[in-house]
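Presented sequentially are two complexes of subunit A, the first with subunit B as partner and the second with subunit C.
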Partner chain A sequence: MSFLHINNVHKRFGETHVLKGIDIAIEQGDFLVLVGPSGCGKSTLLNMIAGLDSISEGELLLDGRCINDLHPSRRDIAMVFQSYALYPSMTVAGNIGFGLEMRKVPRKERREAVDRVARLLQIENLLERKPGQLSGGQRQRVAMGRALVRDPQLFLFDEPLSNLDAKLRVDMRTEIKQLHQRLGTTIVYVTHDQIEAMTLASRIAVMRGGELQQLGTPQAVYDDPNNLFVAGFMGSPSMNLVKARIVEQSGLPVAQVATDGATLTLPIVRDRDALRGWCDRDVILGLRPEAITDPASANHGEGNIHEAELPVALVEPTGADLYVVTSLGGTNVNARMRPGTPLRAGERTRFAFDVSRMVVFDPESEQRIRDAYTADVASLEATA
Partner chain B sequence: MSVAPPTVRRGIATRALLYAILLVFAVIYLMPLYVMLTTSFKTLEEIHQGNMLALPVDWTLAPWREAWGSACIGLECNGVHGYFFNSIKIVVPAVLISGLLGAFNGYVLTKWKFRGHKIVFGLILFSCFIPFQIILLPMARVLGILHLANSTWGLVLVHIVYGIGFTTLFFRNFYASFPDELVRAAQLDGAGFFVIFFRILLPASIPIIVVTIIWQFTNVWNDFLFGVSFASGDSAPITVALNNLVNSSTGVKAYNVNMAAAMVAAVPTLIVYILAGKYFLRGLMSGSVKG
Partner chain C sequence: MSNASPDRDGGARERLQRWLPKLVLSPSCVLVLFFVYGFIAWTSYISFSDSGMMPDYTWVGLHQWSRLWTSWTWGIALHNIWVFGLLYIVSCIVLGLLLAILLDQRIRAEGVLRTIYLYPMALSFIVTGTAWQWFLNPGLGLEKTMHDLGWQSFSFNWLIDSDMAIYTVIIAAVWQATGFVMAMFLAGLRGIDGEMIKAAQIDGAPVWKIYVRIIIPQLRPIFLSAVVVLAHLAIKSFDLIVAMTGGGPGNATAVPATFMYSYAFSRNEMGIAAASAVFMLAVIAALIIPYLYSELRESRS
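Moving on, here comes the complex of A and B:
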């Protein structure tokens, strides 16, 4: 039995069907991130777990008990809100202790609990201040303190970093992760930022239009996406998605991609069995920028490298990397090369494709074309 | 910087003109108050000499003392002080109760929305636009049924009922911009309906509370029509007493006493406005502009 089990949960607001049967299960100590574009239903799902929105259909189980009809305050859940929602007329200490006060915890114990959390979050010197006198990062900490002090079974975070500036956001992200590792709490975290999702999560649930697209470890979601949406949403710069055609060469399926010059032929090593059935049909290839490199930086040990010479359309240095743009199948494709590679637009250079990382999608259903075996592994991972 | 450019000079000229016009209007506006104040400190003889705008030669507090304690209203000659306290007895509960009810209405209409909450708010708002005169007869009947006719408590009830429309409007608009997330956070913390209201919302409502108090205090204190219709004799508010004082003086009109009584009637609203006035504009703006 999993710790938090979201079992076929639906949400309807009148005629609109906001959540269409979500199934997610996580274990104690997991860090689940719900990620997706705005309007995908992730915040609604979080509010339903908190008890702030009602459940139209389905079941929510926390540690084996059904919490569908429990009042928010009786679910043993704490939540950190996007706007922090600090009570403006109370001091920081009052804010953190309010939940305990409502639960009739004696003053002395309350004071001790507040002090302990304040020490943990390094806000001891702010306890007598009002929220209006705090900076964004400090408010964020107080909001977390208010959740932590109650020591609940489950923490909910609703886009807690979206109101911070870029630098502080990265710092707080690290802190949240450290806190999670130190305390071993179970967290459900909502964000639209896929980098936040990748860095924080032990499980990612990618959502779109009220449906769960994929649930898995960050690496599984990144390397083994279920469909075109997940492939394009996760990762920055995003996965290159290229039109191609599967043909049979000497008994094996290969992918043919149109370029500015000769047709590029890429061997298929992954999902080969499934792709045998796709010969002479159009597909979409997915290749991460880091799977297209210069030959010297290619992963010759573990990968399966296929080289080709292609024209350079554009060079974008970022300092850490050099992104080289070329055209494949009529779309621009990003390749990640070693910085300092002497390249200029208009030249031709050799690109190394790591075809072991290539994924293939059905252009109509937008679903991944994968072997039965890997599909099993992916679904196993999702439920593990 | 020795010679100002023409645009700057024109700016100064416009500004001077502007201030001159404002000054004229201020003088026109303050003139009656000045006349009232000076007259109330003059003796009757001095008033009869005729110069209304002159300062008193012989400053005297006698008209104030008479207005407060011994002027004749109707048949009794006890001054206006009894009626002054009547007004206090009406204003304080009327303001507090209508304010509290308005605050509750605003809280429910914004944070505990129910089916049809817009219609309910619309109907409450509608009461702001009903002219006083229309409800005189039905209200008299209701007060009669409740055995509250001719009492200060009857007037309290009338002013509460009439005030709820405005106080609800004030608090609803204020709470509409109060973040819902705070209420949700408090719910998760285990706070109930009343705790959320008294611990979270109300302490953050000082500006709108001040606006409501000023508005309700001034309206109730200055009311004449309800006072004269629903209360008579000893239970009348000061506005009615002032009217009776001015009208019942026989023989020579004691202008100085009338003026002093009028000042007594006007002072409380002035004090409230002076004490709380700076919050007034701030509170009125807070619903529209996010701060």
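Moving on, here comes the complex of A and C:
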């Protein structure tokens, strides 16, 4: 039995079907991130776990008990809101202690709990201030303190970092991750930022249009996407998606991609069995920018490298990397090369394709074409 | 010469631009100075003069002021304005807040209800006063209707009872202003972050505690505005009382404004009337000036 089990949960607002049967299960100590574009239903799902929205159909189990009809205050959860939702008329100490006060915890115990959390979050010197006198980052800490002080079974975070500036956001992200590691709490976290999702999560649930697209570890979601949407949503710069055609060469399926004037043939390594059935049909290839490099920085040890000479359309140095744009199958493709590689637009250079990381999608259903075995692993992982 | 003239033209236009706003505003400025501040000064002077039916500029010092403060009717008027003001402000705020909270529960037909509650504010006090006078008049309104319906023992004669008449004026005044106060509170309630209420729900606060501890403390600026608006309406209340009771029975519903009017225009005691008018001005100024000061300071920062 898993710790939090979201079992075929639906949400309807009148005629609109907002959540269409979500199944997610996580273990105690997991950090689940619900990620997706706005309107995908992730916040609605979080509100339903919190008890702020009703459940139209399905079941919500926390630690084995059904919490469908429990009042938010009786679910043993705490929530951190996007706007922090601090009570402006109370001091920081009053804000943090309010939940305990409502639960009739004696004043002395309350004071001790507030002090303990304030020490943990390093806000002891702010306890007597009002929220209006705090900076964005300090308010964020107080909001987390208010959740931590009650020591609930489950923490819910609703885009808690989106109101902070970029620098502070990265710092707070690290701090949330450290808190999670130190306290071993179970967290459900909503964000639209896939980098936040990748860095924080132990499980990522990618959602779109009220449906769960993929559930898995960050690495699994990144390397082994279920469909075109997940492939394009996760990762920055995003995965290169290239039109190609599967043909058979000496008994094996290969992918053929049109480049300027020539045809690039890439051997198929992954999902070879499934792709045998796709000969002479169009597909979409997915290649992460780091799977297309200069030959010198390609991973010759583990990877299955295929080299080709292609024209350089654009060079974008970021300092840490050099992104080189070329054209494959009619679309621009990003390749990640070593910084300092002497390249200029208009030149031709050799690109190294790590075909062992290449994934293939059905252009019509937008689903991944994968072998039965890997599909099994992916679905096992989803229900684990 | 030909080079100098565009320069001079530009200078003239610039001067005109600088002076035009002042020129346009000066007539109204002069009018306000004369008719508002000039007459305030004149009335203040009259309150220290020996004026009776006509202005008389003989200086008598505080004579009129001491007559005012020893006047029996002025005592009644002051007592009435205390009772009226206090009950009026408290009832309007309590009822207005209650209505606003009820209307804020996402009910149907909220727009219609809001308009219904706001309508009384659109009426003049004379109309409100006359309508309530008819309604509460024992020979015409509520009491007669009840008698006609067969409830012969029903009695509601506060309007002609000198101890209770002031309360009928309060009822009418509260009826008129409650909707306005409600609209103010409703605007305040709508400005409260919904996530804060969700947070309080998760914290385990029951609904009444969410209101008492979290929502109402945030409405403090609205309480302040409501008190200031209602307080100056209460002190200026004149037409409502004239229309409903005419200050009677006897002097039972006299307030400073009706006192001032009757002393100035029917009892030929312009000096005392001026003193009472200056006193009312001072009370309103004591309320409004700190309020405006704090409001303006807030908007500047």
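Heads up, the rule we're going with is that the second predicted complex is superposed on the first by the 384 of 384 C-alpha atoms of A that agree within 3 Å, B and C clash if a C-alpha of one lies under 4 Å from a C-alpha of the other, contacts with A are read in each partner's own complex, and residues count from 1 in each chain.
In the analysis below, contacts are C-beta pairs under 8 Å (C-beta built on N, C-alpha and C of every residue); 3 or more make two chains touch, one makes a residue touch a chain.
Everything quoted here is computed from the prediction, not taken from an experiment.
Following the overlay on subunit A, a clash is recorded for the pair subunit B and subunit C. With both structures placed on the common chain, the touch criterion links A:Tyr87 to subunit B and to subunit C. Touch criterion met: A:Met79 reaches subunit B and subunit C at once.
In the superposition on chain A, A:Ser135 makes contact with neither subunit B nor subunit C. In the superposition on chain A, A:Arg103 makes contact with both subunit B and subunit C.
In the three-chain superposition model, subunit A touches both subunit B and subunit C at residues 50-52, 71-73, 77-79, 81-83, 85, 87-90, 98-99, 102-103, 146. Remark: subunit A residues 47, 50-52, 71-74, 77-79, 81-83, 85-90, 98-99, 102-103, 146 touch subunit C in the complex. Only residues 179, 181-182, 184-191, 195, 199-200, 203-204 of subunit B touch subunit A when the two sit together in their complex.
Contacts from subunit A toward subunit B in the complex involve residues 50-52, 71-73, 77-79, 81-83, 85, 87-90, 98-99, 102-103, 146.
Across the complex, subunit C meets subunit A through its residues 193, 195-196, 198-205, 209, 213-214, 217-218.
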